[in-house]
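Common to both upcoming complexes is chain A, partnered first by chain B, then by chain C.
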Partner chain A sequence: MTPPFADELNLRLCHRCKYACSLDRDRHRCSRCNALLHRRKPDAIARTWALLLAAFVFYVPANVLPILRTTALQHDSTTTILGSVVDLWQDGAWDIAVIIFVASVVVPVAKFLILAFLLVTVQRRSRGSCRERTQLYRGLELIGYWSMLDVFVVGLLAALVQFGVLGDIEPRLGILFFGLVVVLTMMATLTFDSRLIWDAVKDER
Partner chain B sequence: MTDSSDLIICEYCDSVYQRPPLARNERAHCQRCNAVIERRPWLGLDQLLALNLTAGMLLAFVSFYPILSVQNQGRNNAASLADSVWALVDGPISAIAAVVGASLILVPALQVTLLTWLLSFAHFRQRAPGFRWSMRTLEVLRPWSMLEVFLLGALVSVVKLTGRVEAAPAAGLFALAALTLLMIGIAGRDLRLLWKQVP
Partner chain C sequence: MSDDDVNKTEQSPPPAEPEVRERRWHLPLVWIVPLVAVIVGLSMMVRAWQQSGPVIEITFETAEGLKPNQTPVQYRNVVIGNVTGVSLGEARQQVVATVELSKEADAFTREDTRFWVVRPRIGATGISGLGTLFSGDFIAADPGNSSGHAERFEGLESPPPITYGEPGKRFQLQAEDLGSLTIGSPVYYRSVQVGQVVSYQLDKQGNGVNVEVFVSEPHDRFVSGNTRFWNTSGLDLDLGVDGVQVHMQSLVSLVTGGIAFGTPLVNSLDTMGAEEDSRFRLFDDRGTALAPEKGEPERIRMRFAQSLRGLEEGAPVDFQGKNIGEVSRITLDYDESDQTFPVVVDAIMYPKLMGRAYDKFQQSQQSQESQNNGPKPSQSAIRELFETLVGRGLRAEARTANLLTGKLFIALEFYPDADKTNIRRHAQTMVIPTRTTSLDRIQAQLTTLVDRISKIPIESISANLDGSLRDIRQTLTQMNDDVLPASLATLEGIDKLTLAMGEALGSAAEALGEDSPQREQLQQALTEVERMSRSVRSLSDYFRRHPEALIRGRQERQNRDDLRP
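Now for the complex of A and B:
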């Protein structure tokens, strides 16, 4: 037996406190926490697309511009995200190279692809593999913030390595764009509403 | 029709269920999308309060005491959470310092403060003033606390520095590890039991 959907019982989920509100009693606000009630997150598709595209645009400078600058005695160099992965690999620290590569390249690219895929399938009202698509969305919620790794590493390195002429590490503009990409993709994940995936199924019934 | 507080709606697919009876550590999954829709939390409110007070002290400690220290030709340097935020403030990238400061210090501090407020009143079986606002705010804050990512970042930094300078973990790093575990335990979805347990 398949469970009913909230609409069919005239119920509505409160986004904030997850209470099952009865629409016979409360039309607009949650009776438990007083948050505004929405059937689906407002303008979910348009807002998610906008945030996703903004993140995608920022992802270019995030990769092209250097994220940090290292100075030591007569040596002066800047590194990009991919450059730092290559350096670590060549230094033999392949485990850390893999961690940074996954957090800074694989996770953001996977987020772009998965969100775009979810948006397109929802807009085409696809009815296939709803369960798998919902699980993909939960995966996004889990991995989202791990991309912040490189931003924290740059902050920590810059705070630690301050020895004047003997050696300095300074953050560079690339890390700002990269951090914004992470924040924007997290916001895109939060504005998307996975219940939209199931609306096509519900309309079938 | 039954009272709607006996019902659970899956937040991922909008399916409605009767609240199932659960034993300790048991979870109920959504038939449609497999999301966890309900679980019995493993800590009581007073235990949460105790852990929360510990987390508050640890957070104050790691914010201002060194997490890592480095040595370079006889000179010493150390950095705390606040130092890592401060290092990003200079120049054109200061916007990122705001993001880092929020996700590492401000959000966890707000979570701990609000929880202490709610749980202290709950200890006396009372609803704190601003209960509903605090509960809503905690739900909004939850995705934005990133201490566990910073912990991994600290370990990555140690490896990145080896060979160039002498890097060593300081007391703050162990406090940070403990704090990270505590925050995962206290600031998660289990908070929702406050709605039920405080009349």
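Now for the complex of A and C:
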């Protein structure tokens, strides 16, 4: 026997202050912070899809375009994300290679896949393993900003390595797209409403 | 966002109307985000496609220094493309570098465009490409002039010494041996570098090497049809009859070889610049290159009865001090009649090197021929000349050219006192009679001198001398014993006499002393005499002027003026 839903108790959660408003008192605004009340996040699925797709589109140039330009003693080289991973691996720094690979490839791809999976299951009103899907979503929220690691690394390097003729590191367009990917996936995660996962259960009831 | 426009009244009683108003058709604004993303992505793709230039493939021997996406293609240090891939060729004999050129680098797809990898290398013209030590290797390009375009190119293994469009001329040199020349070896004119070796290849028959040199503008006009090229490779240490001569063009040519050219002053009528791709002979050294034209060679042979140590093949043959040929072969012969080993020296002589003498002789010969109505070949004319010369005492002689090195040379000199001989002829060679070297003759004279000295009877001479000395000693002892005492007594007598004389002289000196009365009297007497003579003189003067005074006596004041001088 599952516990009752908020709807059934005529309650609605304020998105801003998380106050459980009683619809009996005020149907539109939070009685505590006066924010508009929604049953679910508005247009959650469409917005998440949109942001996810945008992130996916940006993920292509983020990987194709170089993220860094290293100038060391006139030796010019540009690095893409995957290229740097391969280089680091070949240079023997496999630990750093793994970190960068996880942060910049595994995590974003995982986010795409998980979000897409959640969206699809919600739209199909699947009822199975709701708990696990919710856990997936929580995990998604948790790891989201770790993808910014790359952006931070590039930013730090570009700021620190400015030795003129001896060596110079400049960020390249790729990192901008990568940052956009991270931001967009995080936004997509935020716009997704995890309660939608359970709605199918309610409908069944 | 669709339900933003709810009523704005606060705490108003809830309307009884529907809970949420929804538009029937609505496109969430959020879809703008992926739309923008797609537009951005598409625009980037379009831009990349617009910027992408031709893709070409260049084959190299090795992919050393070529890294995909890192190795640029440069022209005058401007990046015009990038290596996008490096792979093995079909037969694994080569590597193929795929190069993406930028859009404006269209000229670099011309058929005769050349590509090469710039690496640090120590080349003919010094060290090049040092910058690539830090920047990494890159592919350099030299756009061609051809109208056709290609997609596959053969990369050069070394940078081309001359890039297209450089003004100047190419010349073909034929050398017997390449020496230490390489591509890029410098070409000098008066020790100024004016060009370099562009390429070389063996003759088709393998008889020589064809060297192609490039002389840049404006120095190419110094190459005329008369110009001689010679090899200045390395250090030219010439231990000839003139002593040690060291020729060196520059340190670069010491390492990489080099070519120099010059134009001999004589007969320099052809001073116009030579045509492109003109053919020249590459001489081995400056001396042979700038030597005047030799003309027809003439073989001569000489038989020497002496050792010719120091005579080498190539030693000069002098005629009256002028070099007119060189020794070509030295062999040993055996003379059965007197069982000796004469040295046979073959030499090549260039009569033309005799210069004006030869010309004059030929002219006289020609005039003779015109009289005889029978033209003779010039070779027999030369022989005739030498016949007459030998008849007048021309002899060959091996002389020391350099006492330090002991080198010999052959001198043709006149010895009018020499025995009369005739020139002998051997098929193609003239046999010129020889004479023993003056030095050898001195040697012989010295030997006879030493012989004579050794014949002198030194022992008997010394015995005689000994006896004479003994006699002398005897005579001396006699003198000591007898003659000396007598002479002593004589000397004593002389001593006494001297004393007496000294006394006499002392009294005489006393008489003539400074304050002696005798001296004073003498002085007075002398003064008297002086006065007397003066008056006598005036008297005589008076009488000369007035001879009548002898009769009339002296007349006062009559002619006073006469007395004035």
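Quick note on the criterion: the second predicted complex is superposed on the first by the 203 of 205 C-alpha atoms of A that agree within 3 Å, B and C clash if a C-alpha of one lies under 4 Å from a C-alpha of the other, contacts with A are read in each partner's own complex, and residues count from 1 in each chain.
Throughout what follows, a contact is a pair of C-beta atoms (placed from the backbone, for glycine too) under 8 Å apart; a residue touches a chain by one contact, two chains touch by 3 or more.
The shown structure was predicted, so the numbers you read here are calculated from the model rather than taken from an experiment.
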Superposed partners chain B and chain C on chain A - clash or fit: fit
Which of chain B and chain C A:Leu184 touches, first, second, both or neither: second
First (chain B), second (chain C), both or neither touched by A:Val86: neither
First, second, both or neither for A:Val120, with chain B first and chain C second: neither
First, second, both or neither for A:Val106, with chain B first and chain C second: neither
Partner chain(s) touched by A:Leu53 [first = chain B, second = chain C, both, neither]: second
Which superposed partner A:Leu36 touches (first chain B, second chain C, both, neither): second
Broader residue contact with chain A after superposition on the shared chain, chain B or chain C: B
Minimum C-alpha separation between chain B and chain C after superposing on chain A, in Å: 13
Residues on chain A lying within both footprints (that of chain B and that of chain C): 34, 180
Complex contacts: residues of chain C adjacent to chain A: 1-3, 6, 10, 14, 19, 28, 30-31, 33-34, 36-38, 40-41, 44, 69-70, 72, 131, 134-136
Of chain B, residues touching chain A in the complex: 4-5, 7-9, 11-17, 31-35, 67-70, 72-73, 75, 77-79, 83-88, 91-93, 95-97, 99-100, 103-104, 132, 135-136, 139-140, 143-144, 146, 149-150, 152-154, 156-157, 159-161, 163-165, 167, 192, 195
Chain C partner contacts - residues on chain A that touch it in the complex: 26-28, 34, 36, 42-43, 46-47, 50-51, 53-55, 57-58, 60-61, 72-78, 83, 180, 184, 191
Parts of chain A lying in touch with chain B, wherever the complex brings them together: 2-9, 11, 13, 15-22, 25, 32-35, 88, 91, 93, 95-96, 99-100, 130-131, 134-135, 137-138, 141, 144-146, 148-149, 151-163, 166-167, 171-173, 175-176, 179-180, 183, 186, 190, 194-195, 197-198, 202
